[in-house]
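After this come two complexes, each holding chain A, first together with chain B and then together with chain C.
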Partner chain A sequence: MKKSLTTMALGLTLAAGPALADLTIPDLSYRTGPYAASGIPYSDGYQDYFTLINERDGGVGGERLNLIECETGYNTEKGVECYEATKGQGALLYQPLSTGITYQLIPKASADGIPIHTLGYGRTSAKNGKVFEWVFNYPANYWDGASVAVKHILDENDGDISDKTIALLYHNSAFGKEPIRTLEELSEKHGFTFTQLPIEPPGQEQKSQWLQIRRDQPDYVILYGWGVMNPVAIQEAANVRYPMDQMIGIWWAGSENDVAPAGARADGYKALAMHAVNADFPIYDDLQTYVVDKGLTAGAGDQLGSVLYNRGLYSAVLAVEAIRKAQELAGTSDITPAQMRDGMEALEMTEERMTELGLPGFGPSFKVTCENHGGDGLGAISQWDHERGTFELITDYMQSDTEVLDPLIEEDSLAYAEENNIDLRCQ
Partner chain B sequence: MPDQVLFAIEVTLNGLMAGVLYALVALGFVLIFKASGIFNYAQGVMALFAALTLVGIMEGQVPFGHLINSIFGTDIHGFGWQVPALLAIVLTVLVMILFAWAVNWLVLRHLVGQEPIILFMATIGLAYFLEGLGDMMWGADIKTLDVGLPQGLNTWIDETTFDMFGYGFFIDNLDLSATVVAALLVAGLVLFSQYTKQGRALRAVADDHQAALSVGIGLNWIWVLTWSIAGFVALVAGIMWGAKSGVSFSLSLIALKALPVLMLGGFTSIPGAIVGGLIIGVGEKLFEFTVGGMIGGATETWFAYMLALVVLVFRPQGLFGEKIIERV
Partner chain C sequence: MLYREAGDFKTSYAADSQTFPLRLDRWGYWIILAVAVFVVPLVINDYWVNAIFLPFLIYAIAALGLNILTGYCGQVSLGTGGFMAVGAYSCYKLMTSFPDINIAIHVVLSGFITAAVGMLFGLPSLRIKGFYLAVATLAAQFFLTWLFNRVPWFYNYSASGQITAPERTLAGFRITGPETQAWATYLFCLAFLIASAWICRNLTRGAMGRRWMAIRDMDIAAEIIGVNPLRAKLSAFGVSSFFVGIAGALFFAVYLGAVEANEAFGINKSFLVLFMVIIGGLGSIFGSFAGAAFLVLLPVALKVLGSDLLGMPTDLVAHLNLVIVGALIMFFLIVEPHGLAQMWRLTKEKLRLWPFPH
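== the complex of A and B ==
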């Protein structure tokens, strides 16, 4: 509600005079509807970081950040409407937090020359910058996630999983189907048996699938879910007494929202992570001083430090760092979307830089190039500790299996290039 | 007994339990349609609103807390007390009665005599309003609902069936609770409609509005009563589904599960809602078990609608619905 009032006030201000800021970033959020519980913390983290930069630093390179929020309700059509409504306002970057919306925006944003950044979601083969000039998915993608999950399973089994069965329980949508090809390839490579269990969205009823899991007893269940599907899956796993530590969710199935309804029974549940999952970072002191204490939080201010708040924060951090790089390369603070793309293609996040930002150890180091829009593809495993009420990282960041993934990305992206008559770049 | 037969029996039992949960949602639709001819699009959102209110009361949350904090710059979130589940349920029922009264006073009484499609459109508006109201009152974060119902594998059934067949059946304690609650609910509704003055009045209005009015039955009062009962049924459905998945705004989507049940069972029959729910529950689970794996799975949603469509072809009024004949 606080956000709504702020938005209303901002709207009136904008209507009354010229824009107050030069670096415009739309936030295609979802604070209403069935996926609001996940959309709110992400958007809060995203917006609070931009507010922090404006309040503490006066913007980036002297230019204040102008955030335009547009409600999508996690609905693809509304997401496209939001894009069309905001792109003419000088939008530098879109981070739509929806694979469905991303797929629709890829051709549009490519034609309009506006970068899209899909952190850990979207079209995986967009990692190939030679084909997808305007789309980025660093620091890791869905296929990296599947590969890191299998690596963890390999580690737990001394490198031999040839006698194991891994089931993929997935949201029956473009998002959920993303890791299938990767897991098929990895199954061939490591010899494990791979089974698939689709769940029809939204996923409130999963009894059939969990009865099958109870009967077949796969050694591991990899969960690619979103929204209500996740807590139901974890509840049903607990109901059929499936071992929680043999269940590994993608990072979109690894938030407090997902484990809360199962209570203590979710203890030990694992999920992939591409960044830290708690609030033990100096940047939170600044957020408290410049955002919370001033009453400028995007939402109710009750989401700070949650997994999805951190993800929104991380998305915003990477956007701001790309803006800095773009300003440096262009020699001007008032950058264009094309210059923003250049900045993103030259982005390098090092531990030293993360420490300067007040985020030591928050995420792995990675580098983006013209050819590689997906970063290094590192992921870690987090585990839910019910007693402490937090996820904890239980592994170091692991490199995904590039030997398997790179050819798949090449194949899929080149097919896209051929279908759309795209000339390869970065040659 | 062959494993496949045992699995099929287990799937059937779980399908029956799932069917009861579908029927709980469908019942609310039937009650309102039967009494007023309105297809209440807001029924799913009513379940969500009721569950949100229940959790909010149980946790001592201040309604409209975010709004109050935004306007007055305060930082209040809770009253600092917890309310026992039973008392919270009673208070939530009172809220749903108040809601029923408000719907009738502010919306329905102004639309008496309008075409059914107008009333349907009004309920669409009502659904979106109620969703926004729920958001403002209680917030959009996911909430855990625990009214003390047991959850998880029923050990007795598991062990008994294991001793008998060498394979323990999985039955969820929550589903068993839902079955008992649904049985009590239906029995209560039948007793109410058969043996109370208000129940008979409700049936009279359902049969013929004009005739009921002519013998002095107040239509407004009956509509408030009907929406109150539907609100109570929504609360029960909200508790059962909310205990499974947590209370979040996706709870409103449970209405999608009720539609094929209504199409199959008929929009005007309480037994139809129950039987329809059971048929859909068992049908979709058995289809997924036997055929799903061969065609890529995730068949349950479309199979339920397909089954309902097949019934519609042969019995447009549903298995238990009343055949409406209009003479010109």
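== the complex of A and C ==
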């Protein structure tokens, strides 16, 4: 059996071969399993934008974008398999949409020289470009998220939260544990009491944690959840009558799928946002004309305008802008992964550029530099309006507490550099 | 005709009791071994090693381990994932505490640590059997993964709770870390698999294996003829966990490089290894290999066939994969409850007579 498989797959790799003179971008998506509800809209948005660029502009700088989809099921083993299967085909950039897979890929991709972009997830200390040459996490990261949430709580309480209790309800994985250090530091700085409630992945079972919340009545609950965990958490919150406007989800716990099952009881639920959360943008007209009407949507075409679709779209926009920048810097349209990395490091997103792209005010302006791979760390708060069936931004973009975060990032990234004998760049 | 014993004379006890009594089998064995050791490393690349060979080799070691416990000694265990986690975390702690020591030694030591933990969790087997023992080992599974997630000492207080394998070498070649060569990791795991299979084969056909099988077949009768159930069961737990621990250490250090206890060593892993043992064949060394190959290769093959060759949507392929693997498992269990190993045995019987059956 093994032999016949070997020959079959060998023939296959020869037949498929690297598609020359195309810009290859793998999409490690997950449309199955307990995280599918979050993975499908993201992947649809991500792929649809590349389709739009191909159909409308004929690619970037004359090169068509070649997208390879690979199903991971949010499983790290399959993620590694997908990475190995696609990296030989000239992959320019990986966006795995999974913190677990990101941790796997950081050392591998750094060794292979392929950039990774983790938009609002992944390893926070990768913001330090001096250590992480190949990893980018602009425009904001998990720690920014935690800090912006606390900032919002401060604003609501006129700057004094020393008598408040904030509970962190988190996915017990690398993803959910990320904000703990930050919240501990912030609790020291602002004097609030910080409690932790881990939920075992995938998170369908949260009864005991919510009983504890009902008993202790923390003033705020910050939710770091993903996939099936989010709707369960919001339903449980409604069941124990926890006030929705005192819950703040990370941007991964703020999509329509998460609030829909709780119905009207989810009205007023708050979540962080790092970009616009609706479809009021000129680019949607183009998507309709070039992608939807031609029947080229990646999925069923029913996700347009949802929060996570927008996030996929945003990831793709930033990828395409980085490709443009890379082509400009390299002076050639057929760029290599190393040139792509240079492009990402020189990326500058301005309001003007976003308007040109048909996305005025979609996300904050930011600039990537050699030292700073994480952008500025701006986040806003959105709130679910059940009547209208949409999330609405209720604050402006706020700057995270860099005074607290910068030393933490420095410390964590330098520890990584020391462990792995990395020489600091950008000196 | 093709496969016959005629002319294959045995003139000593050793020749009579060897693992492969037929000359053709012996040749096949040596040829496969030679190809695996000398040819495969020359042609292997990153994709082949990471998508197919490493998972196959490592799961085969885990299946060998579980087969000793479940197949030979008759004690059902659902704690394989937890014991693999013990192997992985001991290997991590050893690697980071003693960076100068050879990685191969760390892997073997992780096996011994897991053996100790396995014997501890094997104690209830002296009192309880069958389903009840399965539940007790299930408790081990949940307790161990919870422990590794809960106590920061195990993951060296890293912010994410992940453990990441630092770069370690063997005789100057990188075995762990991101910059390994495909052939080096392959040969490293292959060496462990060959050694494990050799040890298992020789243990199971010796006095110890006979005691295990006596306990499996009827524990009261075994006790009456002088088998000490305490020793037999605990040694089975110990030996089994040793191999499972080695598999866990290799899984973490060589294959994935970074793991989370819940995600990598959850209950799914226990079931996966148990399915490998059941599909491959309980109480068979070959069965462990066949079961691991079946469950590692089939999903990859279906994926290559579905999304790369036929161009189907990836989610459809992933769902079909579940359906087909599930259906095949049922098919095999109905047609041949003793697994792939028994099918292979029957094929050999038939081949001896072919083309002139009675």
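What we mean here is this: the second predicted complex is superposed on the first by the 407 of 427 C-alpha atoms of A that agree within 3 Å, B and C clash if a C-alpha of one lies under 4 Å from a C-alpha of the other, contacts with A are read in each partner's own complex, and residues count from 1 in each chain.
Criterion: a contact is a pair of C-beta atoms (placed from the backbone, for glycine too) under 8 Å apart; a residue touches a chain by one contact, two chains touch by 3 or more.
A quick note: this is a predicted structure, and the numbers were derived from the prediction, not measured.
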Consider chain A as the common anchor and indicate whether chain B and chain C clash or fit when overlaid.
clash
Let me test your reading of the model: by the given contact rule, A:Arg123 touches which partner, first (chain B), second (chain C), both or neither?
second
Given the touch rule stated above, what does A:Asn172 touch, chain B (first), chain C (second), both, or neither?
both
If we overlay the two complexes on their shared chain A, which of chain B and chain C does A:Thr32 touch? Say first, second, both or neither.
both
Is A:Ala300 touching anything from chain B or chain C once the two structures are fitted on A? First, second, both or neither.
first
Considering only the touch criterion stated at the top, classify A:Thr76 as touching first (chain B), second (chain C), both, or neither.
second
According to the stated criteria, A:Glu200 is in contact with first (chain B), second (chain C), both, or neither; which is it?
both
According to the stated criteria, A:Asp401 is in contact with first (chain B), second (chain C), both, or neither; which is it?
neither
For A:Pro231, using the defined touch cut-off, is the partner it touches chain B, chain C, both, or neither? Pick first, second, both or neither.
first
Partner chain in contact with A:Ser110 - chain B first, chain C second, else both or neither:
second
Listed stretches 37-45, 55-63, 109-117 or 235-243 of chain B, narrowed to the one that overlaps chain C
109-117
Quick check on my understanding: which residues of chain A belong to both its chain B contact set and its chain C contact set?
1-2, 5, 31-32, 36, 40, 172, 198, 200
Show me the residue ranges of chain B that touch chain A in the complex, using the header's touch definition.
7, 10-11, 14-15, 17-18, 66-67, 69-71, 73, 77, 131-132, 135-136, 139-142, 144-146, 151-153, 170, 172, 241, 244-246, 248-254, 257, 284-285, 288-289, 292, 296-298, 300-302
So in the complex, the part of chain C that touches chain A is made up of which residues?
45-47, 50-51, 55, 149, 159-162, 164, 166-167, 177-179, 256-260, 262-264, 293, 297, 300-301, 303-304, 307-309, 313-315, 317-319
Of all residues in chain A, those that touch chain B in their complex:
1-2, 5, 31-37, 40, 172, 196-200, 202, 204-205, 207-209, 211-212, 214-215, 227-228, 231-232, 235, 238-241, 257, 260-261, 263, 265, 295, 300, 302
Taking the complex as given, what residues does chain A use to touch chain C?
1-2, 5, 8-9, 12-13, 16, 29, 31-32, 36, 40, 69-71, 73, 75-77, 80-81, 84-85, 87-88, 99-100, 103-104, 107-108, 110-111, 123, 172-174, 177-178, 180-181, 198, 200-201, 412, 419-420
